[in-house]
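Notes follow once the structure below has been shown.
Chain lettering (A, B, C and D) follows the sequence in which the chains are written, and residue indices restart at 1 in each chain.
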Amino acid sequence: MSHAASVHSLWTMSADAPQKIPAPHIEYAQLSPTLIVLGAAVLGILVEAFLPRRVRYAAQTLLTCVALAAAFAAVVALAAGGYATGKAHAAAMGAVAVDGPALFLQGTILLVSLVAVFTFAERRLDPAAHGRPVDSFAAQGAAVPGGRAEQDAVKAGFTTTEVFPLVLFAVGGMLVFPAADDLLTLFVALEVFSLPLYVLCALARRKRLLSQESAVKYFLLGAFSSAFLLFGVALLYGYAGTVTYSGIADVVSGGVRTLDPALAATTGNDALLLIGGALVLMGLLFKVGAVPFHMWTPDVYQGAPTPVTGFMAAATKVAGFGALLRLLYVVLPGLRWDWRPVMWGVAIVTMLVGAIVAVTQTDVKRLLAYSSIAHAGFILAGVVATTPDGVSSVLFYLGAYSFVTLGAFSVVTLVRDAGGEATHLSKWAGLGRRSPLTAATFAVFLLAFAGIPLTSGFAGKFAVFKAAAQGGAGPLVIVGVVSSAIAAFFYVRVIVLMFFSEPKEDGPTVAVPSALTSSAIAIGVAVTLVLGVAPQYFLDLAGQAGVFVR
Amino acid sequence: MNPVNYLYLAALLFTIGAAGVLIRRNAIVIFMCVELMLNACNLAFVTFARLHGNLDGQIIAFFTMVVAAAEVVVGLAIIVTIFRSRHSASVDDAGLLKL
Amino acid sequence: MENLIGLLVLAPLLGAGVLLCGGRRLDRSGPWLGTLLAAVSFALGVVLFADMLGKGGEERALDVTVFQWVPVGGFRADVGFHLDQLSMTFVLLITGVGSLIHLYSVGYMAHDERKRRFFGYLNLFLAAMLLLVLADNYLLLYVGWEGVGLASYLLIGFWQHKPSAATAAKKAFLVNRVGDMGLSIAIMLLFTTFGTFAFDPVLDRATDAGEGKLTAIALMLLLAACGKSAQVPLQSWLGDAMEGPTPVSALIHAATMVTAGVYLITRSGAVFDAAPDAQTAVVTVGAVTLLFGAIVGCAKDDIKKALAGSTMSQIGYMILAAGLGPVGYVFAIMHLVTHGFFKAGLFLGAGSVMHGMNDEVDMRRYGGLRKYMPVTFVTFGLGYLAIIGFPGLSGFFSKDKIIEAAFAKGGTEGWILGGAALLGAAITAYYMTRVMLLTFFGEKRWQPDANGELPHPHESPRTMTIPMVVLAFGSVFAGGLFSINDTFLKWLEPVTGHEEGHSPVSALTVTAATMLVLVIGVAIAWAQYGRRPVPVTAPRGSLLTRAARRDLLQDDFNHVVLVRGGEHLTRSLVYVDHTLVDGVVNGTAASVGGLSGRMRKLQNGYARSYAVSMFGGAAVLIAATLLMRAV
Amino acid sequence: MAFPLLTLTAAIPAVGAVATAAVPAGRRTAAKWLALAFSLATLALAAVQLVRFDPDAKGPFQLTESHAWIADFGVRYELGVDGIAVVLIALAALLIPFIMLAGWHDADPQESGSSRWRPTQGFFALILMVEAMVVISFEATDVFLFYIFFEAMLIPMYFLIGGFGDGAAGNGDAGAAAQRSYAAVKFLLYNLVGGLIMLAAVIGLYAVTADQLGSGTFSLQEIVQARAAGKLDIATTTERALFLGFFFAFAVKAPLWPLHTWLPNAMGEATAPVAVLITAVVDKVGTFAMLRFCLQLFPEASKWATPVIVVLALISILYGALLAVGQRDIKRLVAYASISHFGFIVLGIFAMTSQGQSGATLYMVNHGISTAALMLVAGFLISRRGSRLIADYGGVQKVAPVLAGTFLVGGLATLSLPGLAPFVSEFLVLVGTFSRYPAAGIVATLGIVLAALYVLVLYQRTMTGPVKEEVRGMPDLRARELAVVAPLIALLLVLGVYPKPVTEILDPAVRHTMSQVHQADPKPDVNDVEAAK
């Protein structure tokens, strides 16, 4: 009847022809890695709820490791099933891409996290409190530092085993992040892996004030940046009328115009597209710690518990760059000539600022933070190559870099004095004399950072610069070379300190780690050298994984 | 009236929020400003949904609210802990980590 | 026969090796071993000489290539020997005088605990010198050339604990290096001009090359000769070289090494003949030096330095002669040989005197020694007569011929050169008479030595006197023997070629003139030192005298210009290297550090300022993107 | 496939390094002997190479090995030696044992650090590691492969310089340690920067080959042939840029003025054996690489750059010599002398004449030996007196004649006295230069005068004159030290009198290089003298 017709709008439905909303079709098998991890996370919560305190640690560690391993197995299975190449497509109604890059990055993230969890579970380094071994996390995050409650918690032998489920949630988010095939999923994944990290940062057992401060900063800035990202999403949605990557890409490339000519005012309006794109980019650049969105990195890296720092530095970068790649290569290739120059600029300042500011750092963790910024710059150089080579080189670099970082931070956890980890560089003087092995290991990682041949760092750097040069970004290579030279300076400085300066009397001691951290470091060294000497196999992997699905 | 105005409003709100983040000291307030920005985004989404005549935008708005809620949970927890240990919620007091 | 040539060089080389490497156990037998090997090579020389006399004038030259030395691309240097009359003359002189001086040294160095090394060095010198005169190409000659330089360095500085000796040695080597530079450039020029630097091809085809090139080559060779033969402007080292033991001065710095320059020029005659300008340079150098040396010789009170000055001047004669071309080569060599005899004899005499006078060298503290050391007196006297060119003695013949040849150059040039030569002869007569009088005549002016004891002069041991006697014979008769129906001329002509000079003045006049100036010179000397007593400490003397005492200020010039200048240059360069070159590097590092320090301040710990940078970054990002679209 | 002789030659010292490093702290002497044994084994292999090498064989490289390595980077594991390489490998292998012997006690720990701190093992292991890397970079015919070891070499060198000081600067006192680590850092950064700039050029080379040959390659052979066949045609500007990138790195390593300032610090602070390792072994890689890579990859650019490089070389020669004269520190003096000599080497290489290049290559060998002799004796001297200052010595020849004698011979070799090895090479370089650039040749000749100056002044001040109090009772060379010096001196004499065996191996390689650069020797004015004879 007419009245009903007249009020027809989006809000009401015509009585006749009631439409059925079809149930979404989800390929659970192809999402299995993510599902396993998130499932395990939920299980972890239940463990916290129902298992007695003494068994929790063991149970959580086991659960986490198994879950990550299983997820990795699932990734391998998918890759073997040809989802990396032939059968690559967007699963879950186009929400999540299952393709080469996604699987490669997910695999990397899972491995890195697994190794990182080893360092989380380390309980040998801190002297046992009241006869109970303790890890590097606060007995009770809520307790006021140094307050009665904390002392009681310590006496009662509380441990924050919640970190394990938190890590799993974060990992779950990271797995989705680079695979997200629409902006909404991107945003949600971003938050899913950011929120647990905020919490993790606050949970250091020693130096809790620093830890909490880092958490606040990270949280506020993170939220700030995600707001920008979200607004960017909104604008892109406004531009294209959809948030799926492919949809937007079609509109960008002018293939499809949106349905209703009445909306021409907004749709296809390039201002929306450009601003939106820029804002989304900014959100991602924040996560990878590119200048000028890097300011949080040093503070957070320094304040957070070192295992968490390692985890963040390694895994977050992988996930962030994954998403960045997908966005630039799938959504905005049509806009290459708009964003490339901008990214050039970002890459250049990131490389230079990271390298230069690091020169005068006095704290190991901050130093590594700045070096991670410089490295973000190097990776960006590969990103802007906009060739399949560029993608695979970035993938390789991420794999190589994340293990080096993880290893480096694990070594940092070993060097301790009365106040916990001795991160001030002056404390590291003469470390090579006291414990040559530790110092040598750290030196290996530093050399890898510096990109000395026969280490993975060199292979990665070469791959990225090669791609950049072929992608016509010669100047970037020059700048990269220059900043590597500057960077070399401070890596060398640390080595000098460790080997050529006399040990201090009240110098730190090097704790003897359990098998967990040891294996983490060992894996780090092994990967560093293997990727340095015989990188071909992994280059092939990355090469095959170089193509995005649309 | 032209729905595009809602966009301008959204942009305005977003900017206000951002400005707030930049100038306010109290962590809670800063956080509220962020929420404001998120809601500005929501408004934008809904408006665009209206313009495009599809429901995606509205759905996204719901997602955003959920995410915002989650953020509140984590955020307040962190801010409260630091307030308890420092007896101040001013972000400028939290300046141990620098240089 | 060919193999003998190799042995000739090898024998002393072997001696050097054994003596220098073989440890203390050789200390006592060493000297005799060294002397023996010197004698051996002399014997070999004689054998070869005899063999050579057996052949006709043209086919006397012996060539032998031992092995390829440096074969690189077009560059071929062989170790090969070329023995012709010219080199043979030198071989005999070197080995002969050499052996005698070895013998002499046995006595002279008897009390030195390092005498083993001394004889090692002497043998090394013989080997190098023989290599020099026997080489069949310039590069090998260069090896010998530097070899003798090294030996002379080692021997001058033999008493290294004396700083003066060490410095003198260093100076000698350095000045010689400057000359060597000339030689090596000459070799390079030869290579680029002829594609080789072996004597035969070069000298046969010298005329094919452009005169410019040849002049350049010749001048470079002259530079080398100046260095080695202590000719102006590179003469400064010879005086100081007297720091070495006297036998060394006799052998190296009188008889043999210093004459290498004359050998080089004579050997390269073909090149010089084709480059008249260069020859002019040569005669000029010769003339200047012969006066320079003579003047210096007059002023010195140190007997050896006086003799050194005379050596310079005598070699000046030779160079002058060599510069005259075919007219002079033969006489140059002839004077060289006779000079080898009498100058060596004089030095040995001087050595013997010092030996008797507790190593006192100042002639003003000698006097009246003829009674105490008769043999020395006689031999020295004969040497003296020979050098001043007393009729009938060696010097007379050789020098006279040179003066003649100088006049024969013709034109004003001829007159100038001849005049210079004559003047030189006069001065020679003067300063040699002075030496003679101061040393052997007049009343005793002996002074206590460092240990406060007066010297008791005595005749030297046999080992020392015998060589002096032999050399004295040489200085008396050599000249005559050579000149009787031009034996020497016939002997050398096939190698050096010869043409009679046509002097504007007759030979007789020249001789007469020579005699005249000789008498004048002797007379003046007698007037000054024979008739009145000689003060023990030298009077202040005229400006010229004072200048002459200081080698005509040439050393002061070197010191101010080269040494001081060099020191300043190096010091400033060290400064530049440290501040400028290195400064740039460190500066860059520092500036990066400074920049880093400043940028670090941005990280001020305030979350809000971080937010600002993010916000600004976003704004820039957007602006840039839009801008990109706009352009 | 053939027996991998080259790989083995590089592998043996590498294995030795690991083995030595693994020796427990207590067994210091055992470690030394082990390291020495490995270095001798390497020497044996190098000798085998010399024997197996056939100078007259066709083709530039012999004993080649080639395996796939990193396809994505177009990198192959390609080894091969030409005459130059095989000789330089022999030189390195020959010097290392002497270096070890000379440094026998340099790394005995002063203060007892942790029980796991094993300086001695480290010292010898590092030397072997350097040897391995040097050898393989001489063998590599793949640019990338070469680059990798060219760079990696820096790390062990860096630890050798910074980790072990000579007795002069008592290892304990902080000032010396600071200076030492400054020197080490300077060495590393200088060379690292050079290397990184080269890296840019290497990448550029890949980009060029990749986009012209379809797949990027680093194989020297492939590139050279492709250029000869005209398949690969590098634009002039590109070629020049790449050339400069490569040359810069090699010029730093060589070192060429004005990139030399790291050498005096490094050689001054490091122990004498390490200093020898730097200047006699490692730096040769730089000059060698100029010949093998700069000239052969970028012939045109090389010719283009020649005038400038010749000038720089001349400056190095005179500048180095003059600064050597001005030094007060024995080791720094030798360092500056080396700079002067490297000037000669570079000059010879870029004179582009067969004499010049043969001379330069021969010079590398001779300079290695002579500097080793001089520097090691200087090291012995310094270890006795505990000071590097020339002024602290005097009259040594009175108390230690043998030491003084060997020192003098070393010095005479350094001023390239005829009859000793360096003379031949230096003269070849001079002639080679002169025949193309007469002026340059003459200027370079000034170098020989200055050389005499700094050597003789050094000898006079330290060895002659009245005996200084502190010098009195200084022991003469010990058996071990004599065993180090005597063979070197013998070698100097032999190569000075009969260098033919070496030049015969070098010559074909040089001729090949010349042909790569399309250069012929200038003809003499008066031609075919040989024919005339």
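The rule we apply is simple: a residue touches a chain if its C-beta (ideal position, glycine included) is under 8 Å from a C-beta of that chain, and two chains touch if they have at least 3 such contacts.
In this text, all values refer to a predicted model and were calculated from it rather than measured experimentally.
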Chain at the geometric heart of the assembly (C-alpha centres): D
Which of A-C and B-C has more C-beta contact pairs: A-C
Remotest chain, chain A as reference, centres from CA atoms: C
Approximate Å spacing (C-alpha centroids) for the pair chain B, chain D: 65
Computed distance of Cα centres, chain C from chain B, in Å: 97
Chain A-chain C separation of Cα centroids, rounded to whole Å: 81
Gap in Å, rounded to a whole number, between the CA centres of chain B and chain A: 23
Residues of chain B touching at least two other chains: 18, 21, 30, 91, 94-98
Two or more partner chains touched - positions in chain D: 189
Residues of chain A engaged with two or more neighbouring chains: 216-217, 220, 224, 228, 298-299, 489
Each pair of chains that touches, named by its two labels: A-B, A-C, A-D, B-C, C-D
Complex contacts: residues of chain A adjacent to chain D: 432-437, 447, 450, 452-454, 458-459, 462-463, 465-466, 469-470, 474, 477-478, 481-482, 484-485, 488-489, 492-493, 496, 499-503, 534-536, 539-540, 543
Parts of chain C lying in touch with chain A, wherever the complex brings them together: 589, 592-593, 595-597, 599-600, 602-603, 605, 607, 609-611, 613-614, 616-618, 620-622, 624-626, 628-629
In the complex with chain B, residue positions of chain A that touch it: 10, 141-142, 144-145, 184, 187-188, 191, 195, 198-199, 202, 208-210, 212-217, 219-220, 223-224, 227-228, 230-231, 233-235, 237-238, 241-243, 258-260, 263, 265-267, 298-299, 302-303
Residue ranges of chain D in contact with chain C within the complex: 186, 189-190, 257-258, 260-261, 319, 322-323, 325-327, 353-355, 358-359, 395, 397-398, 405, 412, 417-419, 423-424, 427-428, 430-431, 434-435, 438, 441-442, 445-446, 448-449, 452-453, 456-457, 460, 463-467, 497-500, 503-504, 507, 510-511, 521-530, 532-533
Chain B-facing residues of chain C, complex: 600-601, 603-608, 611-612, 615
